[in-house]
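There's a structure below that I have some questions on.
Chain naming follows the written order as A, B, C and D, and within any one chain the residues start at number 1.
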Amino acid sequence: MKNTFGNSVSITLFGESHGDAIGVVLDGIAPGITIDGDFIAHQLFLRRPQGRISTARQEQDSFQIVSGVFNKITTGAPICILLPNKDIKSADYEDVRFLPRPGHADLTAHIKYHGYEDYRGGGHFSGRLTAPLVAAGAIVISALRKKGIAIGTHIKNCAGIQDHAFSDLKNEITLLNESPFPVICEEAGEKMKTAIEAAALEKDSVGGVLETAVIGLPAGVGEPWFDSLESVLSHGLFSIPAIKGVEFGAGFGFAEMRGSEANDPIVWANDGVRTTTNHNGGVNGGISNGMPVIFRCAVKPTPSIAKPQQTVNTGTKEDATLEIRGRHDPAILHRARVVVDSITALVLCDQLALRYGTDWLGGDII
Amino acid sequence: MKNTFGNSVSITLFGESHGDAIGVVLDGIAPGITIDGDFIAHQLFLRRPQGRISTARQEQDSFQIVSGVFNKITTGAPICILLPNKDIKSADYEDVRFLPRPGHADLTAHIKYHGYEDYRGGGHFSGRLTAPLVAAGAIVISALRKKGIAIGTHIKNCAGIQDHAFSDLKNEITLLNESPFPVICEEAGEKMKTAIEAAALEKDSVGGVLETAVIGLPAGVGEPWFDSLESVLSHGLFSIPAIKGVEFGAGFGFAEMRGSEANDPIVWANDGVRTTTNHNGGVNGGISNGMPVIFRCAVKPTPSIAKPQQTVNTGTKEDATLEIRGRHDPAILHRARVVVDSITALVLCDQLALRYGTDWLGGDII
Amino acid sequence: MKNTFGNSVSITLFGESHGDAIGVVLDGIAPGITIDGDFIAHQLFLRRPQGRISTARQEQDSFQIVSGVFNKITTGAPICILLPNKDIKSADYEDVRFLPRPGHADLTAHIKYHGYEDYRGGGHFSGRLTAPLVAAGAIVISALRKKGIAIGTHIKNCAGIQDHAFSDLKNEITLLNESPFPVICEEAGEKMKTAIEAAALEKDSVGGVLETAVIGLPAGVGEPWFDSLESVLSHGLFSIPAIKGVEFGAGFGFAEMRGSEANDPIVWANDGVRTTTNHNGGVNGGISNGMPVIFRCAVKPTPSIAKPQQTVNTGTKEDATLEIRGRHDPAILHRARVVVDSITALVLCDQLALRYGTDWLGGDII
Amino acid sequence: MKNTFGNSVSITLFGESHGDAIGVVLDGIAPGITIDGDFIAHQLFLRRPQGRISTARQEQDSFQIVSGVFNKITTGAPICILLPNKDIKSADYEDVRFLPRPGHADLTAHIKYHGYEDYRGGGHFSGRLTAPLVAAGAIVISALRKKGIAIGTHIKNCAGIQDHAFSDLKNEITLLNESPFPVICEEAGEKMKTAIEAAALEKDSVGGVLETAVIGLPAGVGEPWFDSLESVLSHGLFSIPAIKGVEFGAGFGFAEMRGSEANDPIVWANDGVRTTTNHNGGVNGGISNGMPVIFRCAVKPTPSIAKPQQTVNTGTKEDATLEIRGRHDPAILHRARVVVDSITALVLCDQLALRYGTDWLGGDII
């Protein structure tokens, strides 16, 4: 389905970096959910470039809800959200049309689409398309919150600098969701920003790791085998440009653990069962167990850097040197965070709607 | 779709650990592919328990191709493969019916299915169901090989012991595919086995990391955004029990890299373009770039261990201690390897059939 | 998805007429539904050939439930049902291997599968594969009944002879579901049988129309546009061999009606709203309105007839005459009826599970 | 998937009758197809109301291609087309908000969406949404034509008046595709128009039958069982509002035929095989046989009529009388025709892309 994702709740993405507009169709959302335009704007703000640690391209990210909402409440019909492209400098790209940027989709798009791709600013592969994902994500995040399900992500690692671990999930999630540079330890955050600025000065970029927690998800969500919660979440997460790794719970750390350490002991709690540790990240056998769902995403350094790079000229079929003069991000972590939250919310809404029915998420009002 | 996966080429999995039989339906396979029963048996052999480093349950894994093959050649109709369950000791499980094994699907299945699940030996969630996946995988691996696409996996890390890196992919893949304990460095392999046996003696288990390489995949495979090659591969890989992390190319290592290191320089080669490094693991923008596809899977320690563990009694709703007396694996890495290869082959066949049409994989004969 | 159908509740079909076995995987069925083996047998009996008006091939249709059922209750895991093929006379088909039967899939399968198709008895395209559909259908029909939803089909027209119209749906459905030759008017039924026998004597076959009613379906089931109830039902119904037309409510009769006749007046009833007529067959805008769902399927005359027919020899590439000597049905209507009911039940279970969640159908017990 | 349809080539529909805009996302279209804006406008013109036989609502149907097209050529990325709503008179609907129109989706939408639906002008269920379907359809129709595949539809029956049968498909298709009131016999067409005007004068509406022919479709397209060509075409066709019946070839006429009449004799032709008759409408066993694909759609009389009608008041829960004062069509047949062609083209492109790969339709240019 390429640009459509999800079953009961689904999303369809369209647009190019330098086209008239980009957008998204969010389908399957229960009727009766109040749309909070300010919250959508807030989420888009969190995705927008910030100061010296981001690209100079400044999109206002004004958005238009074209359908599916009536009197500010979802109707049950598909919700199309459009975001016009305004601050476009296509000329930046004409020079380098035949010079695919290393680490980017330029070359693979050129091969796959036989040269017909819109090459301006990465075209359909541009990170700019995460803006409509975030707009749609704001709606599903709102819906989940009303059901007591909250999602929060922090920068666990930026340029090798580690943030503190989660320790007080509920409060940390609240704070992270307000912060443009989401870290638990402010001091670590400052070091990260310094590292990003240092890379920017050297015409370079940095990578890192995002860590996400979901609280309030009922036990029993996710399906056996091919639609395991890990399968569907990773499917969505790996759709986000620059994400090159996903791990749940202890993840790659399991390699150094014994089963007796890795297994989470089960105990009886007041309101049911819980585990005393959470090495499995809230998922067993692909199904949520009621503990917080914890996962991490590896984010590669932004491939668009100003340093001269070795590439080829696809027109002349010769080797070439590329110097990118466009506006780019020395780090994408703090902006990617809200995309991760949005995709996570979409996947969870889809799984919840499949499990409990199409009206479930609208249930408070209905 | 729960137990069905794939679009143009798809797989449907069914069965329980202690039922009469388990099996798989492989649909969408091109007509004209010769079925090599010996190769299916070989692949099943690679998945079977081996000596002291595996469970004592010995299934012969005899298989019956029920449909879709006529005169030993695929017809284009769905291929059902059945594997009877023979060496069943259900009594092992009756005692522990109400005692969910930590780290396993027992508890989540119990919650999700309201107590109606087949609890014997993990039921539908048993690792035993990877046997039909491997049988189906053998068919798709064969089909890919005829098109020059080969897949190989080694144990990159077992109990903290590292194998050598890939250095000579073509030959290493050939050797790995013959070996029941797939490592590049035999010495590292011996140390790993020693570590597994040590864990077994202590009634414990170990985890590790599998690393997979795919060579010969054409550039241009995979779709933008939601059906990126990383998305569809990870979707399949996270379906495999015990896999808790997936990373492509440098993966989580990207966190410590600069963009200038991470980007793979592009050069003109005799027959097209290539990159001089492969930090992106053969995938840019979700689309294969013609370089080897490289990914790693984190495998958690087998949750079934003989050590006493803390759990609950779901009948009496009290805390309890569990001592598992069934037959279990102190390590699953060497057996999971062929499951990873099988799922990888399935996903690639699906993507290739979508890109080049339903007959493409049968093309040599037709 | 070719041989898989449905989203939340799905079915995967496999097998060939002359293979070892045929079967089906029914996935997504709620846990906690009691399986009634006698009812499955009863439904298979309704599908089996009957006396002079059917083929002489007599399959006992013994079935084996391989998975997904534990202690006679569904577990929530996929249910695989196998039916062995026993009364096989493949020799009947070797003579005519290169002589595609007019009106059958022989020629199109030969073209599509490049000669690799299993040509014996129609292979994967054989009407025999409706037996596993009926076995799976029995389970979903049972599940619907417990929720007060009943399906019944009668032979509306056989060889031009008309049955009475539905007039007392609830009782008629009960009677039809017990009858091997389902008609409302016994006298019309006798005339139909006479017409079938007359055609058989002339080595010919007859067609007709099946009419189906569904009662008890809640209003609000079905989706706007592409998953309208009519869309998903017709998708399933046209999968049944020999069905060449589907119409809802007045169907093609609407062509001669005015809007003022066609529109069903809406009135307030004790327990909600209803319409005083039902020309729309219980569906408006693709969504059930709470009235009985009524549709008709056109069934073409069985294409396998004993009369000499003009065809080609695909081996010699010459024109040829075909005389079919196998065992065939002069009419398929009375046997196809239970297939229609089964597919209808599958589609409705899928829609209901999507709307109300995966546990809804198991709700009585849970 | 509700508002998304198709696999390899798919369409996502959004919008409401009285919202800002309606639109469609067409995904999976091969790169390299030239977009002919005039042809899109022509197709939209064919769908627009015409004179006295149509509604007075006059939408200019200006359209904006938002994405997926670069320098007037498809890029391979999803194509979003927007159509603004301009000639809106929502006040027409406020009076009748609580009075569901008989035969329409008003009542079922009200039940399904719990009163949150956009009730103005039918909201998301409005026939107005077929405009974006037609815009997207124009692109896929163009793509098919370049591969030699042509689609044409005539009004076979309007208000009981019959058009001539197809006799010279290639020329008739060309002529029909230019005509705003598509009939083969002009005299019949005049009678039909007279009947429509007569109904309009009586504040009523008429129904009819559309007959479609597809020529040039290769043999071997369509899948066994659940994705039979009839299944996927009918799935799409029944998505079109007012279509209540679909039949292929002889369709319901098979009921009165013997097998010996119904079977199409196969003969050897210069370039392969063909049948001497085409009662099966070009499809056997769900797969195209190379003959023209012929099907008919029953179109019910437009439910919006000006005559007083019996309905309920969903606010007061009392019986009520409805007099619709909006602008409506006394017949929809001539406008629905191009929607049928569009959906048919979409389904065929999806099937062809699945069979021959994602680039196949762009093949001429690439």
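One rule holds for everything that comes next: a residue touches a chain if its C-beta (ideal position, glycine included) is under 8 Å from a C-beta of that chain, and two chains touch if they have at least 3 such contacts.
This is a predicted model, so every value here is computed, not measured.
A repeat of the B-C interface exists among A-D, C-D or A-B. It is A-D, with more than half of its contact pairs matching by residue number.
For the pairs A-C and A-D, the count of C-beta pairs in contact is higher at A-D. If you average the Cα atoms of chain A and of chain B, the two centres end up 27 Å apart. A straight line joining the Cα centres of chain A and chain C is 45 Å long. Note: centroid distance chain A to chain D, computed from Cα atoms, is 38 Å.
In chain B, the residues touching two or more other chains are 1-4, 7, 13, 77, 112, 124, 224, 359.
Across the complex, chain C is touched by residues 1-4, 7, 10, 12-16, 19-23, 25, 27-28, 31-32, 64, 66-68, 70, 73-80, 82, 112-114, 116-118, 123-124, 359, 362, 366 of chain B.
Across the complex, chain A meets chain C through its residues 7-8, 77, 224, 354-360.
By the touch criterion stated above, chain D contacts chain C in their complex at residues 1-5, 7, 11, 13, 100-109, 111-112, 124-125, 129, 157-160, 199, 202, 204-209, 219-220, 222-228, 230-232, 234-236, 238-239, 241, 243-268, 273, 275-276, 279-281, 283-290, 296, 298-305, 307, 309-312, 314, 317-319.
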